[in-house]
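Chain IDs A, B, C, D and E follow the sequence of writing; residue 1 opens each chain.
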């Protein structure tokens, strides 16, 4: 009775109550999603329009930008070779992944395979805290501990600033990224797969090495790629320890630069619209572009993922 | 090598690396706290910073970090909730959803410095907000949004499907089910996730260099009118946060005690992150218990 | 560029003159009943920021109705923002002509509020205390890699640079080296003068350049062509490695902004705050320079 | 089953597709009032899918597509103009695993009626008591209505779910293996409850336990691979099935 | 069962705890050679837990603790000095849901023997063929050995898993509801296979389908709440159980 009356009431106003509610819900959530799309489109649009101005308005050759090794934007004969920075970004992030990758996968294995349950209880908070430590704090520790340490280890021949310091700081920063993705992948492996291997009389390492790792390879690579992506885009911690000399990274102990470090150092000292400023935006565009590349790689890997 | 020896060695190596990681964290925390705690005092936490003399504090920076966090959350939470609810409850498995998923994924992988630069271009320059808390909050919100969407989506997806069906079977509208049945169940993990995300926002610096700026005007903590330029809560004033301060004193600043100030500020940042972690866990559990009236955790 | 610059210089001159001759501070020239009010936004050079900050606070204490907001952001940002009208004052370590297009620079009025001088700095073990211009150039361009080659100890030279967009570096290259030099392999770039000093103090054979305000006995400051890096030598024009600190306005300043800039040029500020922060008062300079670096007196 | 006779509740050529896979195939079936119809068949034969299509629950599964008609009082429930939300109020449902809301016992029951417009505390109290009584749970919980529903035992939770379904006065009750996660004692209680409830409404129950089907139902339908193989009086179907496959199944040859 | 008689394979006072919850309670049981023993009982009664403890699979579950003894040829398998890895080779296992490795069909089978030292391609080929033949799968897959095991149907996958278990020549086979996720035809094949295999080895099978137990097993054990209620000859247990609870269960009063 009561219900019918309420329903009738609702009907009279055109929409039933639940239809009105659902309309509100839809409008709200759709708007939020629209917002996301607007944000990303405008980031890409604005960064691209500034970044391409270097080549379109200022007439810098994209070839020089991408492959030139000579960086001297303020020189009498300005040249805009950003290869040292592009290479620097790649080298430090790859090195970081090289260090963090095996460590992270071991950590994930420790959590799910070696000491299931307890291992997770120990390492999970550790990983979360590591990922919670702000990047400037990593940079600061790198600056005060790592850089002098590297300098001492090199016998005082170098300042300690350089690729090695950058890569080490980054490796700790991306450790949590890779570990948590690897741990999630391991946890998603059907329990039966592991047991089937054990039931055949395989040892734990054989199971890990022959069954688990091959099966999860795409997911583990995903973790590593996302770790590289994170390292590639990290700015301040690297800038604080890498030394920032605009040269191709030639050895672990020499100072080099990354795309992000050049941007942070020079963005505010150059005036908007100048070619020195625009070329920094081109580097930001490069960062954006690489983000897309990393995502595409991750997508391809996921397609290969059979789980 | 026989299989069992290999097993033992491999196990040993894995355990060793796990210990290394724990040691790294221990070392980091130990260093930050030992180095920093001695420098932390009430005075350090409340007095203004110095630009060229030793002995400055981090009062305004600490306030800025917290206030910026609040502003950011005010922007992100409603947007992220909406987006996450869309992904969990409205999105059909089609191309559009695939595209939106890609958008979230890409957005969450954007380097924060790029988000900061975008903020500089659009909010600081084009919208003429200047280096301001508002511009910083919007940049951080963009930085945090994909995470919030993901947290919301996961929290909602973790709610047993049967809850939703039970609501449907009673003839409830979808929106009512979302807000009154699913949301309370999702709330604990939503809160935990949000607080953890907040911790990340708290320590972010790269996105802020170009948006909220690297300076704080002299603040008058007795003036709470948001329209006054010296009011701490004026959203249009520039604001250097704790994380930015650490970066600045190390790479641009001229104070002689830069190392001490950074150590103290780092310790404060890390302690805040620890507190965020603990609160997140505790509060999530607390809400869960409230909602289910059960003692079971998780 | 010349026209814009000369306009800038002429506007400063009368102000400097006033500061030099009239003792009462500019503020008291204002009729008491029309107290100045308004808000001033000064953006730009991080090097100049502490000074403007400090003077701004004093100015606010004297004029309760005025708020002065000072933001960093770098010289480039300052010039851009003032030129776009987003800030009232653009603080810069360099002449606007060096960072902006000529037509944009021409719209700006220069207010030179202080002079900052730089010294070449080496680690104490380098064993040198004077370098000629050519030697310095050889060191920073990598032609010379050991201090013994310029009369010092047998130590490898390590260069600590500032970023290419830094004002300090621009000044150093322009007035000490006479030309832009490329980074040398093995050198590093640091954006913080404090860090530069630290590294030079700690690293055997290291060399860099610092504003006078940073000098202390942890490092050795070198003479340049036999001239010691002192305030007096800068003022007399003998020591050439110095630059103005500029505060630009778009067009002639008005109201509170004008009052603030005038205040900046008073003896009260020039002889206390400016010197206190390690700058040299503009009024004490016996020489002047234009944007091209030509000495005009 | 012809449309002209307008059965009070039944399906006509009802098919359900998941993507291109036809999980339920052109089912024609009628559910008489005040009776229990049991759906039996091996795992994956489409029992749940069919049951869920009766109250348009499959609308919520993106890949599911339902064709055919579901008649109720001359209205086609499967028509896209029929409002699914409103009709679900008339057709209650209970699942295999008890799924109480994460709310108090009281709120679990009061939630639906309140949404549908009953605001007065007194009326709500009444509905809660009524529904719990009908689900034979009142005596066990009347002193702890404010406690969380999750604090109840599995069997109690399941009866609470039945009470919740009853709270909005449905005319039809759909039960999907309501007792298969319960212990013997709770199973017994739920079975009694079903027999009690059928005096007032129409019940459709999916079960994998043939003895249970035999105990509680008036009619039984045997499904296999999405097809309705046999639908008959329960006694008849179990004692003397007309189809060979039905016979094999109830004799336990497979499943 | 006394230890002095040294049963060829059986348990003595075997208990399994998950944390403090005793899921399996002091089971004494013997599994005669060349026979099938079926474990039946309602959901959650501990059948799987008991089965998994027989090849020390519960070692892998952190919270699980197994007490008591498992005798095999006079050796206590549950002794912590007994190497679990070696013994598992002698005791094969197959689960409810087929769980082939994400590798080729060939690799799935060749995998175990290769671990255990068989390297020669020829020998491996032989083992693969042998095992697939014994699992009655050879004819269906012999032309696609290089394809992914995931491309097989559910029933084929399950037989592949049996073949995989056979590849390392176990003496005992543990099956946990091996057919309950399969269609009737596949179920029939698996059942035939079990009857075939018992000629060579000892089989323990968990099933929730009593008819299946009756069809394939020689002995049946009824579990309830972790206790072994009755263990007897299958025909005897189904026709004339000595325990009231067994009777109720097999008559379908609950479960």
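Everything that follows uses one rule, which is that a contact is a pair of C-beta atoms (placed from the backbone, for glycine too) under 8 Å apart; a residue touches a chain by one contact, two chains touch by 3 or more.
Remember, predicted model here, so these are calculated numbers, not experimental data.
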For chain C and chain D, chains touching each: A, B
Higher-contact pair (C-beta pairs counted), B-C versus A-D: B-C
Averaged-CA centre spacing for the pair chain E and chain B, given as whole angstrom: 51
Whole-Å gap separating chain A and chain B, where each centre is the average of the chain's CA atoms: 16
Whole-Å gap between the CA centroids of chain A and chain C: 39
Chain centre separation in whole Å, for chain E relative to chain C (CA means): 84
For chain D, residues that touch 2 or more chains besides their own: 85-86, 89, 116, 168
Two or more partner chains touched - positions in chain C: 46, 72-73, 84, 190-191
Contacts with 2+ other chains: residues of chain A: 18-19, 203, 206, 267-268, 272
In the complex, chain D residues that touch chain E: 42-44, 180-181, 183-184, 187-188, 209-212, 251-255
Touching residues (chain side chain D, partner chain B) in the complex: 55, 57, 60, 62-63, 85-93, 95, 97, 99-104, 111-112, 115-116, 147-148, 150-151, 161, 164-165, 167-168
Residues of chain A that touch chain B when the two form their complex: 17-19, 21-22, 24-26, 28-33, 35-37, 39-40, 42-43, 46-47, 50, 102-103, 106-107, 109-111, 113-114, 119, 122-123, 125-137, 139-141, 143-145, 172, 175, 179, 203-206, 208-209, 226, 229-230, 232-236, 239-240, 260, 263-264, 267-268, 272, 281, 284, 287-288, 291-292, 294-295, 298-299
Residues of chain C that touch chain B when the two form their complex: 39, 41, 43, 46, 49-50, 53, 57, 60, 67, 69-73, 84, 86-87, 190-195, 213-214, 277
Complex contacts: residues of chain C adjacent to chain A: 46, 72-77, 79-80, 83-84, 99-101, 158, 160-161, 163-167, 170, 179-180, 182-183, 185-191, 199, 203-204, 206
